[in-house]
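Below are two complexes that have chain A in common, paired first with chain B and then with chain C.
Moving on, here comes the complex of A and B:
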């Protein structure tokens, strides 16, 4: 009997040992941006690192080396990692600090799952007044700061200048960009006639958010208040119809690549598949490097610009940003201090992160000479002012992006009427938002 | 033996029999406990959840059957029902027939047959990620295998994964390639149980190959055939990874199966009551399919 009891106790102890426990000085940092330990696992020279993964890995390595009293455990998740984070939060196993898109903050903040961070950031010398306008908008809800912004990113026009020259669309060494939907279609036709290539390279297969981001940008440029009520979207409008019809015409006339997924389009632009690739800030570094290789379609012929203003009402681009947030959880004073030391370190190194192509989150960095000296940053720096997220009260933005993209894709490819697609997109998004469970009380 | 003695003996036997039953139950108790905790409780908990509006973080409001009425009016969900049935029609007969064909061809003791059995089974051990990666390379129009072959014949590439009519068949082909090992092995096991005397008798009666197949082999393995059909229907109802990794359910909802719908509604939209309601419908469908197959197979067996 005694032996059995002992075996039972030993089993229980073994099971208890399987639980996750953190040392008082240990913080768990959960992030996306990929894994690259083979190349950067032990590197601490941040200036020598390239790519999102390389720079963030090296930054954390350097922080570890400079702060031996803190144990930093990094948990890398597949992009964007919110399913995993939701499950961790639901089971009370949240990390200490997490990368989060600013567009995802309202989902977690409204459920009281995030800590407000403004005061403690100020206390360690990270002043929210120094956030760029786009970043501040992205992390602020109801007057409180819910994350430390790390960057602002937006979809951009990555341009093959060699093809643009061939098409006669270059003046003073700058690309001639359209200023209306009609001009865009006209220039695209001119481009195709001269080069034989489609004007746009787009990831249209399996890439739902790209459709929504295009729509958001051009709705914002028409000053259409499509989320006047954060619980209801309005898409059955002439403004939305105009945009979808423009993209449909481009598709029908073969002025864009078709059937490419993200990987194919990203590679395709490098291989000279077309003139303009619609993708985000994160590709600048790769394409800039490609333009320095000889005998390639982009050799000495790459530049990048924000989405051109096609409508006179407003100069705006849909933008989002990456930020660092702190899930609500019990922490030792040591752990709390360690998290803010890490955040201060990341803020101090925001220029290094901006080398990825993303725009800095801090005004002092975006105005610095070293940032302006980076290639093409002058072209896109205005996004820090014109970059516009969806209104702060809109929840489930990732699901909304997917839903809209799912409906616009067949409309643009001619498998569904524009009217029907906008009706279905509006209905589905409003149904989704209507059924978001109301939360009780304030955080 | 007197009547009283007989009574005593009977009652002793009964008592020891009852004790035996209870002690037998003790042997299965650990399994039963785990089964109740991991299967029965979640099953009923899921049913209860489907009657609520709920999210991941504990908030719940009882809404009765509202989630089910929403589902019946949800065009996307109804599309996933059609897609799932269509996918079963595309895959299950093919898996059964190709699996049987391979088993018949490889049911011999030669070294080549042993190697080929291993080769055909090998795809089953791959993860869904690897399988979909391989087949993506086959299907993509931008330098994919089929596109390259078509190009050699001067034909334009076909966008299998972004064509409404071809996306689900492309996933079905991938699935058949991936899953063919299990039906083949089940049929092989069944074929090896068919008594040799039956084949000897058929040979003595001068029965040809087709006659032997039709009158000896197939009747002998009919229970395995039913088993393969049931297993495959249940498995293919649960299509998820291939659609998630190859098409994300698109284009235009043409390849979204029920499980992908449940995943998206639950994890991306956090509408887990609604997702649970869709899961109950899937459970009911699988149960009906399995019961129908079971009764059909039993009736044939009795006939």
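Moving on, here comes the complex of A and C:
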């Protein structure tokens, strides 16, 4: 009996003590983008790698090979991993460097959970002045740099040129894009009449952020200061109404696909469901590859552009970006140096990452001949200048995107009045922000 | 007459049988579809998911999963956590159930009601204080940290209490007449009689522990301590639903295998648990 009790206690101690400690030269890199070790686990040829997962895995493999004095432990998290990261920070077990959407930085920075990085980036030769305008905006709060930007991504107009030709919407081998809401609706009608297909392919069924990003872009183009106070949104405005009504008209007249979720819309555009798919930079590679396949709806007929300017006030596109941030934690000098060596390596290889479709975070890369030689990058490079994130002080942006999307979806589908949807969206977002700020004790 | 034949059944029986078959197909179809998707390449599925209906098929997604991630480590973690939790729940619920059903002590009924209140408190309501408590105790990223929260199950205590109450007290008295101690009565006489309830509770607990995602996500944050649900989620590429559908489905099937096995072998007890017929 005593023996059993002893064995039980020993087992319990073993279970309780099964933690993981970090070596002095070890850094923990926490990232999303998934796991693809079967294909890239031992690859170091970055130029040969494809996809976000393949390129980041190969980059880190290469860094390991070139820096044998540093032990790099990679921890992949389910996208986007912020609940997990918050939990790690709460337990004092944060990783050394983490992938973070620039839009999420304010949530952590405002709680003093991130280290400012500008000075140390400069010290290793990563000059923030070399960040693109969009990237610099994305990682800067109150004059400090809180992350090293890795890319800028934005929703784009992915275009089926074969249908556009059929609809007479091509000039000089370029798509004719609208320059006002009225022109957009006219062209969409013309497109449908000629092709029998809806002008837009949209993931309206489960992509709440897509609604919000459309709204942000066209509010920005009207120079509407909808977050004049980063703690309050203003949506009950003529500018917002104009945008929602435009999308509602497109929906009512069957000028967009309906009831497709993200996967169906992504596949649908490939299979010729419509003329323009509103989705981000990450799909460029897949659609470019599809356009090279024979006898397909996109065969030799694909291009991509930023959102066209529908309002004269400003050329702007809502943008976000992926960045690398450093949680506040105790590190050995070796670990600190290792993190910055890794960041310098990633900055030096920013072109490779830009092959994913995302825009580079560095001006020198975006202006480079090798970047411009990538397909369609000339069309979208201006986003490095026109790409605009929400103002730096706005917190809980993921939740805000979802909330706005939940309200706009029924308004666009005609199940709720535009006025009521904007009222509810504004009220819910402000309520959320009020409670967030009340909880965090901020003024 | 062959078993299951429609001959000789009443019309209502036949209608029920047809309805059950239809419902069965509806329930099984998504699993079969997921299995089919898991046997196709991601590239094929990105263009058209109906390709699942015809060859070629491949095991590449399973191979990628097995060699591309520490999935066996996560399996071991899940097994330790699920079995640990199951054993712990059975021990604690049996002891508590016996105590509430058989022992007289001050405040017993009030404590029992308090335990039942636990059924009404969702995990989300206590997750932050629990997380802080476990931080103070240094239990995150340990097996104990993953197992402990699952041991306090109001449902288990309630189930076992009801089961013990259903056993006639004469059984205890007869054992005591034979000079059995109270613990011997519990251990040698009553506990064997509760085996059906133990099986039900054990399976229920195992399934819950295996499928749990929320607590392991924020407590076992180190990749070495991932359970299979958290680990497999971490391997998903962004937008897996379009660009990595085959791999995603292989992950789902792989993670579900132990559960499927438990269902196949213990379905009698699961049905009993769900129907509340353990007593």
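Convention: the second predicted complex is superposed on the first by the 420 of 443 C-alpha atoms of A that agree within 3 Å, B and C clash if a C-alpha of one lies under 4 Å from a C-alpha of the other, contacts with A are read in each partner's own complex, and residues count from 1 in each chain.
As a convention for this text, a contact is a pair of C-beta atoms (placed from the backbone, for glycine too) under 8 Å apart; a residue touches a chain by one contact, two chains touch by 3 or more.
Please read these numbers as outputs of a predicted model, since none were measured by experiment.
Contact with chain B, but none with chain C, is seen for A:406 once the two complexes are overlaid on the shared chain.
Residue by residue along chain A, chain B and chain C are tallied for touches, and C comes out ahead. Once the two complexes are laid over each other on the shared chain, residue contacts for A:90 go to chain B and to chain C alike. Within the superposed three-chain model, A:117 lies out of touch with both chain B and chain C [touch as defined at top]. When the two complexes are overlaid on their common chain A, residue A:428 makes contact with chain B while staying clear of chain C. Of the two partner chains placed by the overlay, only chain C lies in contact with A:266; chain B stays clear of it.
Shared-chain residue A:396: touches chain B; no touch with chain C. When both complexes are overlaid on chain A, the residue A:437 reaches chain B alone and has no touch with chain C.
When both complexes are aligned on chain A by C-alpha atoms, chain A residues 83, 86-87, 90, 261 touch chain B in the first and chain C in the second. Chain A contributes residues 12, 15-20, 32-39, 41, 51-53, 73-79, 83-84, 86-88, 90-93, 261-263, 266-267, 270-271, 282, 286, 290 to its touches with chain C in the complex.
Within the complex, the chain C residues that touch chain A are 46-49, 63-65, 67-69, 80, 84, 131-132, 134-135, 138-145, 147, 217-219, 221-225, 230, 233-245.
Taken in their complex, chain B has these residues touching chain A: 53-59, 61, 70, 75-76, 140-142, 159, 161-162, 164, 247-253, 264, 267-271, 274. Within the complex formed with chain B, the residues of chain A that make contact are 83, 86-87, 89-90, 107, 111, 113, 204-206, 208, 258-261, 264, 268, 396, 398-399, 402, 406, 409-410, 413, 415-416, 424, 428, 432, 435-437, 439-440.
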